[in-house]
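Across the two complexes that follow, chain A remains constant while its partner is chain B and subsequently chain C.
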Partner chain A sequence: MADFKVSSREQGQICIIDVGGYLDAHTASELEKEFEKLIEDGQYKVVVNFSDLNYISSAGLGVFMAYVETMREHGGDIKFTNLKEDVYSIFNLLGFPILYEFFDQEEDAIKKFNQ
Partner chain B sequence: MNLIENIEKKELIINSSTDNLSDVRAFIQAVWNSYGYDEKEGKNVVVSVDEACTNIIKHAYHFDTTKTIKIKVENKKDRFIVKITDTGSHFNPNGIPEPNIPEKLKSKKGGGLGIYLMKKLMDEVKYSNKGNKNELILVKYLN
Partner chain C sequence: MLKLDIENSTQQRKLEYLVLSLIVLVLYKLFYPTIDGTIFSIVNDFLIYISVAFGFYYASEFTSKRLSNPISLVLNVGILTAILFFLTSLSSVLFDSFRDIEEVSGLGYTFISIVVSLIFISFTTYILSVIRELFFLRQKRPTEKYFNVMLVVITIASVSATLAYIFEDLKFVEKTFYVVSIVVIVVNSFRVSWIAFLTKKEKIFLLVLSSIMSVLFSLISVSLSETNIVEQVLFNFSTGVNVFIKLVMLYSNVYFGIVFITTLFHLPTAGAFDQKSEEVSSLIDLSKLMTQVLDFKELGDSITLATNNVCNSDSAWLVTEENGEHELVSVNNIGYIEADGITREILKEIELPINKLVTLNKKAVKVKVKEDSRTFMFHSLVIVPLKVHKKNNGYLFAVKRQKYYFDVDEKKALGAFADYAAVALENAKLIKESIYKERLESELDAARNIQSRILPDETPKCDELDVEALFVPAFEVGGDYYDFFKLDNNRLGFVIADVSGKGISASYIMAEVKGIFESLSRVISSPKELLIKANNILKNSLGKKDFVTAIYGVIDIKSGKVVFARAGHMPLLVCSGKDIKSLQPKGIGLGLDSSDLFNSNIDNMEFQLNNNDILILYTDGVTESQNSYNEDFGDERFYETIISNCEEELSVLTNKIFRKVSLFSKDKEQHDDITLVLFKWKNNNKMIGEV
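Entry: the complex of A and B
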């Protein structure tokens, strides 16, 4: 069974989701639950920190696709930080860098929200 | 899963459950590594086989965990071939159009990227259907 970890923390008005391990068709539902919780709480500014994520398949990307519009409709967004090269290359191959903002460091994504 | 035995036979049979995707990845990675090929290309093959099996679990078997998927690797001089067979609904990935991702975001839809990703990551994706058996062949050229 795939090992996947997801947790969230708050930094001011922004929610940071930390993901780790393997995000695939088996574990994507855990990430969906995290997004559902945020929407319930009216939290729409989201930074996803990928520093501990080793693997992503299209099922993982699908979660970010399904929720980003809801965040943007409420003045928020989903921004991505700290991706390993292999993980970024999957996002890149599918053209995500023109649809989402990617940052090297978490602070840079937070700064962008606070601008 | 007895990984060593699977690597020797270059074959893995799993029940159709997303719970087994981690075994599929470990198997493909191990077989690829046993030949000492480029690590980065191996990761691309691993993602592609994950996507192919995910697709079978969802669309060919509709999450029926009693069904099985067979994954067989053939290593040729100039190519690494993964043959994936199932007995579910027919599904030709080559009949699927390229996804419009901006459109999917607007309509809050998440799926439909796996086939496209698999085709981008592999050099050849072939599908055939014989009787009740579907066979998907993924090919990575070796330099």
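Entry: the complex of A and C
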């Protein structure tokens, strides 16, 4: 299986998680760890940048579902940006754009948070 | 059992021969107390030699059985020596009272002479037998011929003494062989390698014993070489045996003298030698353990215990490493909490990973553990990585509290030991993993079993509608589900669903989903309403990360009208002639949202089938099948396959699609279930009309 990469950086009050590669049942736990860390630090405003992500499976989607409630309860959210077309189509098929906010560019998501 | 019998019987026979020869000898001696005449003395000595030979063989029966404990053999010899010395000294004292031996003749003298001589001969034989066993003990090369040569030379010396007594001219032969014997004896006295393998305690005991013995033997040898009463008695008894005894006494004297000196030189290194053998036996114990211990914890305890033995450390503990995380597995002679704290402090300071043994002893190692007021002081601390195939599985810690450092040998031993321990731990881990894997596989079997029972056994049969279904489960059971519900004579309900996740948990959700659709399909006719209801039920029962995508629809068999709704599932395809339409009404996956958002974002979609139109339902296992370049099978290939085979029988089309997909992804493991459900509608009304 191809690799999965995850890293996070901070921009003001907002945390940006960069994901890359293949997000599936085997790599989902790495992303989970990243979210656990954010919650521990009290960081609830999250932008996930998908610019390097090539594939997402149902287990990968499950990670966002698992943490979005916690983020929203604390006045934060998870916003999705820079998705490749086929990755977006997976989200779209499932109706995610109704439940989550998707943006073309990272800055747009940050702007939305700062409003 | 049989072998034992044979051994016993040969031993018995040896004893019989010995007793027989002794009886003959004693009788002969009683009849002919003094030796006069050639024949008599030759017969006399011959009888004695025979007895000695039998005695020697019989004695070796005993001595060879006690080889495992050479000290007890030496002690036996020591006791015999003491008795012999007592006899010789006693007779020297008595020498004054019997000024003239010739006076003490007659039956009394004969009797005493026989008893004294036999004691000497038997003891000497036994001593020779013991030395023979010690001689061969721990010898790596065949040295038998040296000893045998010595025996032959001693025998010749004895026989020639007998002959010299009869023929005065042969005196020089006796002298020559006597000297040769002494040379051979000295040469043969250096076989003392068994001493090295004794423990320190045994060596000290042997040192004392051999010093006493060599003194006693030399005193006996000296008194036998003088004209002593015992010497006289022996000489009168048999001249040859007299020489034999003298030579054996000399041999014993030299041999135990060398034993004494060797032991003396071995003594300073005895402690180190003991430790070495302790190390070796620890390694042997561990390698035995490797094949036996299945329990990780038990193995860890054995390793830490053995570590203290191997390198003379005071405390030892074992830490395993997995994915960069350390876990304390076992401690020996140190508290669990202390060891854990110390490990964390030390590993924090040292640059990981450690590739070879690390020693910390800058005068003393002081460790301060967080949330603990104590400071831990060690004089020396060693950390050894436990490596197998260049992969680090953990660290072994050993510390000395007293004012000693680990020396080079101890570190070497610990290093070698750690290699064994690493392999043993790896084995235990692999066994644990294979047990886990077996359990996982049986779980997957259970999941497959559930899945196969949930899916319909056969597709519905009716004139107007061909129905084909294909289901290919992945190794790690996915959560695909499809079903058909006969709602009334004209209407057929159908569902296809994909549960997120895999394995047994997915198959349980699948069972729940089946129950929901089976019951709801009977009471709710609108697909949209049915999915809304299903979402309400599932949202409460699914875990946070789980969701289900589904399409539910109803097809009117007579009219060809289809109504369906979609909850996040792959689109429904309709192939009409050479044209494919992908129908994707809006809809969120089941279990993603509990409330209004789901309800307000789902729609029914209605359409009319034409004659020979094909309706295709599928799961993402079809389009997301990958080839070795990580490319998806994708919509395009899928549509193309359908279009180019749409005029075939429905079963043929299904097979063609599956063959295309499996051919495409032949180099990669199928990691999700593949499900296809196809309907082909035939407009019977129209056909009748045309005809």
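We take it that the second predicted complex is superposed on the first by the 113 of 115 C-alpha atoms of A that agree within 3 Å, B and C clash if a C-alpha of one lies under 4 Å from a C-alpha of the other, contacts with A are read in each partner's own complex, and residues count from 1 in each chain.
Here is the rule we use: a residue touches a chain if its C-beta (ideal position, glycine included) is under 8 Å from a C-beta of that chain, and two chains touch if they have at least 3 such contacts.
Keep in mind the model is a prediction, meaning the values are calculated, not measured.
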Which of chain B and chain C A:66 touches, first, second, both or neither: both
Touching partner for A:25 - first (chain B), second (chain C), both, neither: both
Partner chain in contact with A:58 - chain B first, chain C second, else both or neither: both
Chain B versus chain C, judged by how many residues of chain A each one touches: B
Which superposed partner A:95 touches (first chain B, second chain C, both, neither): both
Partner chain(s) touched by A:39 [first = chain B, second = chain C, both, neither]: neither
Chain C-contacting residues of chain A that also contact chain B: 2, 25, 55, 58-59, 61-63, 65-66, 69, 86, 93-96, 99
Complex interface listing, chain A residues touching chain B: 1-3, 22, 24-26, 55, 57-59, 61-70, 86, 90, 93-96, 99
Interface residues, chain B side, partner chain A - complex: 18-19, 21-22, 25, 40, 43, 47, 50-51, 54, 57-58, 101-102, 104-106, 108-114, 116-117, 120-121
Chain A-facing residues of chain C, complex: 498, 500-502, 544-547, 549, 567-571, 584, 586-589, 592-593, 597, 601, 630, 632
Touching residues (chain side chain A, partner chain C) in the complex: 2, 25, 54-55, 58-59, 61-63, 65-66, 69, 86, 93-96, 98-99
